[in-house]
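Quick heads-up: structures coming right below.
The two complexes that follow have chain A in common; it is paired with chain B in the first and with chain C in the second.
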Partner chain A sequence: MSRIHGRQGLAGWLFMSPAIIGLGVFMVAPIALALWVSFRDWSGLTPLGASEPAGAANYADLLTDSSVVRGDFAKSLRNNLYYVLGVVPAQTFLAFLLALVVNARLLKGRTFFRTAFYFPSVTSSIAVAFIFIFLFSPTGVVNTVLSAVLPGKVDLVWLDDSDGLLHLLLRAVGVDAAPGALRGEFMDLSWWDWLSGPSVALSSVMILATWTTTGTFMLMFLAGLQNVPEELEEAASIDGASPRQRFFRITLPLLKPTLFLVLTLGIIGTWQVFDQVYAMTSGGPQKTTLTPAYLIYREGFQNSAMGRAAAIAFVVLVIILVFTGVQRLVLRKER
Partner chain B sequence: MVFRRALRYGLLIAFAVVFIYPFLLSLGTSFKSRPEVATSSVSPWPRSFDLRAWTDVLVHSDFPLWTFNSIVVTVAATLGRVFIDSLAGYALARLNFRGRGVLFAGIISVLAVPPIVLTVPRFLVLKELSLLNSYTGLILPLAVDAMGIFLMRQFFVELPRELEEAARIDGASIFQAYWHVVLPLARPALLTLTILSFQGVWNEFLMPLIVVRASPSHWTLPFGLSTLGRGGAGGQSFDYPVMMAGSILTIIPVAIVFVIFQRYFVRSVASSGVKG
Partner chain C sequence: MIRPSRLLTILLSTVLLTAACGDDGGGGTEGNATGAKLTMFAFSSSPAEDAVLRKAVDDYNKQGRNTVDLKVLPEYDTALTTALSGGEPPDVFYVNDNKLPDFGKNGVLEPIGDKVDNPGDFYDTLKQSFTYKGTYYCAPKDFSTLQLVYNTADFTAAGLTPPTTWDELTAAAKALTKPGHPGLVLGPEFYRWGVFMAQAGAWPTNDDVTKMTMDTAEMRTALQYVTDNHKAGWFGTPAAVGAGWGGEAFGKALTSMTIEGNWIVGAMKNDFPNTKYAVAELPAGPKGKGTMSYSVCYGVAKAAKNKAAALDFVKFLTSPDEQYTVTKEFPVMPSRKSLADKWLADKPELKAFVAGGDYAKKSVFVPGFSTAIDTFNDGIQGLAKGNKQVGDVITSTQKAGTDILG
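Let's turn to the complex of A and B:
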């Protein structure tokens, strides 16, 4: 027996060494280095050693000192907040709905439907963004279909329309400017602008995001549904439970771990939206599709402010941790 | 009952159209002329087949070069992942050594770091190592992936021990048993890992953007694609047929792998869903 288990210590570390070196150099060391850089003034162009210490200035630029940068950071937070609040519930609901329908007994063509719904999830984000630029173009499919369905001609310039949805709604009932109470500012952005809702342009990106991710989450729900024992449902229906009761009392509680996972992955993913913004709108129009992820890129790689970009990254990390933490608390309380 | 079934199929077909039609439309659009696109943007059937966009993409752009670069990077990074992840996964699942628990916890916490947070840090490290604007700089960070280590570990944990123990009793070294007995048994897991890696690396956009943006001869498909057909600002002058041809070409390899190995994709998502 000792022959079998001998020398495992050496072998273990040898087997692990490529992973340890790789993760160390490209995951752990970078994070430590970036934390250091977030407290320095560095353009990214000069050698790192030549950078000047900056104290907490990079964080102050984002959070406490009044500046254009803080205004942009505020806009990016507002935009991404609406993005998360729109996309996460939409993709979770649609994924769950599709999973329930695809999971139905005696369904013909199950594999086909599952494949069709999942396919967008595996494709290139840039290719799909291009396809959606075309769909949302002024003479594109979306406007054409809406014109056919709605009274009157719809000719929205989706990707270049900075009007917020909540502002548009208020305009429809005659409120066109900020009431006195909302004239104040928070982080260089007026309360009225905080409450704009997602812009029309951002809504197009949100529709794209929902369209691409729903399939993946549907597969997770499907896997969860297959873990619901059939005997349990049969027993419940023999005991006289209605389909509605079976759904709310048996299926839904058993799917809670899956729901938890889908929400967590959804929140983590939506706070990092970048590729689609880069390809579709570059943060515009009027900065209404600016997201923290895009701001990291803009500040670090276009405006040569690497220290600030690193600081944004750590703020985003904290936001993601807070959001997933809150979601965990809420779901646990319900249990 | 009949009504409910009709409703169910109606819903499924409607969603299938929503998910598939955009791809068919972009395929059709790539064969249209620009004037035709301006007047007809809904029908996937081109009135007359116009190959202009395809020759623009395949002959008059660097698309072939980007494809070559993508193949190089995808193959190299995937080989790296399979090698690193299977070794590490095996060690974490099977070998008893001091520090194993700490290493596993470390890998789980690395797994939780959102990729966007790594944008600046990775640039820093690659710059310090003078690996910017090179294949190596593109490949190495993509070859390291904590998710794959986790997947392989889960697989090896569930694999029966008898065969490799028999091999060890017959005098095989740890590495021989791993190489000749364990790896052949791990084929399904290795295939899953390969497919996931192929799909992930092929579609990767952020890394080429940070690492090789300044060196067009190193651009991969998604980054090259992002520069296609965008004459001028404002969005009015997009060359849609070119953009659609490029998009379709970028999607096709993944689509083929997806259709052939569909169940591996489904299984990998499903297992991450169950084990969470």
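Let's turn to the complex of A and C:
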């Protein structure tokens, strides 16, 4: 008996070995090495073996030692936080709405709309970014349309405007500088600057991100909607449920697993935003579109501080884990 | 956007490559001066430049001493970093002057600056750009300086001649300003505004780059001058007129003057062939003329297997004849002083750029200093936009630089 089991075990390992080797070489080993690099003083310009151990210095640079590096990291966290808070709800809500529309049985040309809404997601993000640069230019379509709709001429320089939306709002009600309570600093960035809100430039990037990802999530919601059994809805109708009740009592609860998936993927994706920033703003103006992912690139390849770049990657990993954890807890509680 | 961060992938593959082939500590060998196979990494901004470089390599290969395999790479920094960290660097490669301090500090380069023929012929400012802690690492390939580029038709219409002082520059910019069309457009960054600092006798650091010198009356004068002109609307940023850089704003006639380097000549020729323009030396400030230089050198890797052969190849590339051939068709200038007149013979209109070679400041600092420059740029953007004060920018840059210089 045991010999047969033993052989079966061996066969099992053999069948799994391609996957295990693949995961090991392309996932586990690089991640372990990157973790090791984050504790080294390595420029990336000489072989890794020639680097010096740095202890936790790379992490200290980012989190505890007061310096311009920590200030930049704080700015990138602030920017990305506003980015996540703006993009994730917007893309989730829009995707759900579009899925409902496309799923409606009465809609004519459903295939056309489905393709149209999904199109931005399959287009190269760099190409889309360049098109948005034109749209948001001072003489671009956005300003032209706004000028036509709003009184007066709109000549906003979208991608070069570093004013935070919350600061602008406060300025509109007469608060132009930090009140005394916000004079203090956290991680080399004043509380007043932490509360700036996303800059106009970052908001443009957020609009672009929402536009490109909504299609993908729409597809996921659509799949979820089509999995809702028709019998359930029919049964509810026969029991006298109104369309509103059917939506809130049947459709929405059944879509919870999809919602969980969309939110999780959304949070992970938005904490890693890089290509749009790289193509559109390079972290400017006044560092208001700097994100941790862009900072990794800047520190690793332009500043020759590969160890610090790896440390940023792991701090971001922790942040993503925390965010997903919190979101799991919230969704579970409601269940 | 739902894709695993491509960056992380690049970072991880760099690390993985290192693990795979990073056995060599980077010793390298002298090897023979002939009979070697060499690899060269380069970048190029146009197919024409690409072709000229390929021809130079072919010419060398025909001489039969060594064989060079040229690789022209997009995303150059990333590719070079990967090769260096893998311990298998190319024998010869382009080095941007702003990367030199990092390379010097990490012992990436073999010091060959003085080993090329007639090393005294190169401009001194360029030699300084490629010197780190007293070691002159590599001979400059060519260089560019920043000067004043102006629209000749606009100048004639306004009855102006090229300004020679700050006051004249302000007056000219004012006269050329129309709604949505500032008289002068320049990028809001240290690598443009720095010319005014040089003209005012100010600079972010002392000459040895050991101490920050932001908090001086001269620096205040320089920053205040440019800021005031922005405030008045006579100077503008490229973004504010909807352009990506000064040259684009200038070519699209969104301004009448810009401050750019030799590269603008190629852009004007390709993209805006109908705009008539001329180049003048930048006006002198309180402390005289001033500009900045940018350069690229031919580096030889310390870990190269055939350093003698690599040096032979660099000697060929930096020889007067070859350097003239490579720069002849291009706006970038030969880095040898002795070639200036010959190069100018068929393009006298670019004389101002060459003149800058005599008084330009190098735009190179120390490893890790780009963080301080980023902070300075952050401040300069604020000054151009009008939401920051000169004093605050000086304080924050002084602090950022002191963090790095100690």
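By definition in this document, the second predicted complex is superposed on the first by the 312 of 335 C-alpha atoms of A that agree within 3 Å, B and C clash if a C-alpha of one lies under 4 Å from a C-alpha of the other, contacts with A are read in each partner's own complex, and residues count from 1 in each chain.
Basically, a contact is a pair of C-beta atoms (placed from the backbone, for glycine too) under 8 Å apart; a residue touches a chain by one contact, two chains touch by 3 or more.
All values derive from a computational prediction rather than experimental measurement.
*Asks:* Please tell me, clash or fit, for chain B and chain C sharing chain A in the overlay.
*Replies:* clash
*Asks:* Could you tell me if A:296 is touching chain B, chain C, both of them or neither one (first, second, both, neither)?
*Replies:* both
*Asks:* Counting only touches as set out at the top, which of chain B and chain C does A:68 meet: first, second, both, neither?
*Replies:* second
*Asks:* Which partner does A:215 contact after superposing on A: first (chain B), second (chain C), both, neither?
*Replies:* Touch partner of A:215: chain B, not chain C.
*Asks:* Figure out whether A:163 sits in contact with chain B (first) or chain C (second), or with both, or with neither.
*Replies:* second
*Asks:* Going by the touch definition up top, name the partner, chain B or chain C, that contacts more of chain A.
*Replies:* If we count touched residues of chain A for both partners, the winner is B.
*Asks:* Report for A:287: first if it touches chain B alone, second if chain C alone, otherwise both or neither.
*Replies:* The answer is second: A:287 touches chain C but not chain B.
*Asks:* First (chain B), second (chain C), both or neither: which does A:50 touch?
*Replies:* Only chain C; A:50 stays clear of chain B.
*Asks:* So, does A:279 touch the first partner chain B, the second partner chain C, both, or neither?
*Replies:* In the superposed model, A:279 contacts chain B only, not chain C.
*Asks:* Is A:270 contacted by the first partner chain B, the second partner chain C, both or neither?
*Replies:* second
*Asks:* Does chain B (first) or chain C (second) touch A:327, or do both, or does neither?
*Replies:* Once the two structures are laid over each other on A, A:327 reaches no partner at all.
*Asks:* With both structures aligned on chain A, tell me which stretch of chain C collides with chain B: 237-245, 273-281, 309-317 or 345-353.
*Replies:* 237-245
*Asks:* Intersection of chain A residues contacting chain B with those contacting chain C?
*Replies:* After superposing on chain A, chain A residues 25, 29-31, 33-34, 37, 44, 48, 125, 137, 139-140, 157, 159-160, 216, 268, 272, 274-275, 293, 296-297, 300-301, 306, 309-310, 313 contact both chain B and chain C.
*Asks:* Sort out for me which residues of chain A touch chain B in the complex.
*Replies:* Checking each residue of chain A against chain B gives 3-5, 7-13, 15-16, 18-20, 22-23, 25-31, 33-34, 37, 44, 48, 98, 101-102, 104, 107, 109, 111-120, 122-128, 130-135, 137, 139-141, 144-145, 157, 159-160, 211, 215-216, 219-224, 227, 257-258, 260-262, 268, 271-272, 274-275, 278-279, 293, 296-297, 300-301, 306, 309-310, 313-314, 316-317, 320.
*Asks:* With touch defined as at the start, can you tell me which chain C residues reach chain A in the complex?
*Replies:* Against chain A, the touching part of chain C is residues 1-8, 11-16, 18-19, 22-26, 77-78, 81, 84-87, 99, 102-103, 105-108, 180, 237, 239-242, 367-368, 370-372, 374-375, 377-378, 381-382, 385, 387, 399-400, 403-404.
*Asks:* Using the touch definition up top, name the residues of chain B that touch chain A in the complex.
*Replies:* Residues in contact with chain A: 8, 11-12, 15-16, 18-20, 22-23, 25-26, 29, 38-39, 41-42, 83-85, 87-88, 90-92, 95-100, 103, 106-107, 110, 113-125, 127-128, 140-141, 143-144, 146, 149, 165, 168-169, 174-175, 178, 199, 202-203, 205-206, 209-210, 213, 221-223, 225-226, 229, 234-235, 238, 240, 243-244, 246-248, 250-251, 254-255, 258-259, 262, 265-266, 269-274, 276.
*Asks:* Would you pull the chain A residues touching chain C in the complex into a rising list?
*Replies:* That would be residues 25, 29-31, 33-34, 37, 43-50, 67-69, 72, 125, 137-140, 155, 157, 159-160, 162-163, 209, 212-213, 216, 265-266, 268-270, 272-275, 284-287, 293, 296-297, 300-306, 309-310, 313 of chain A.
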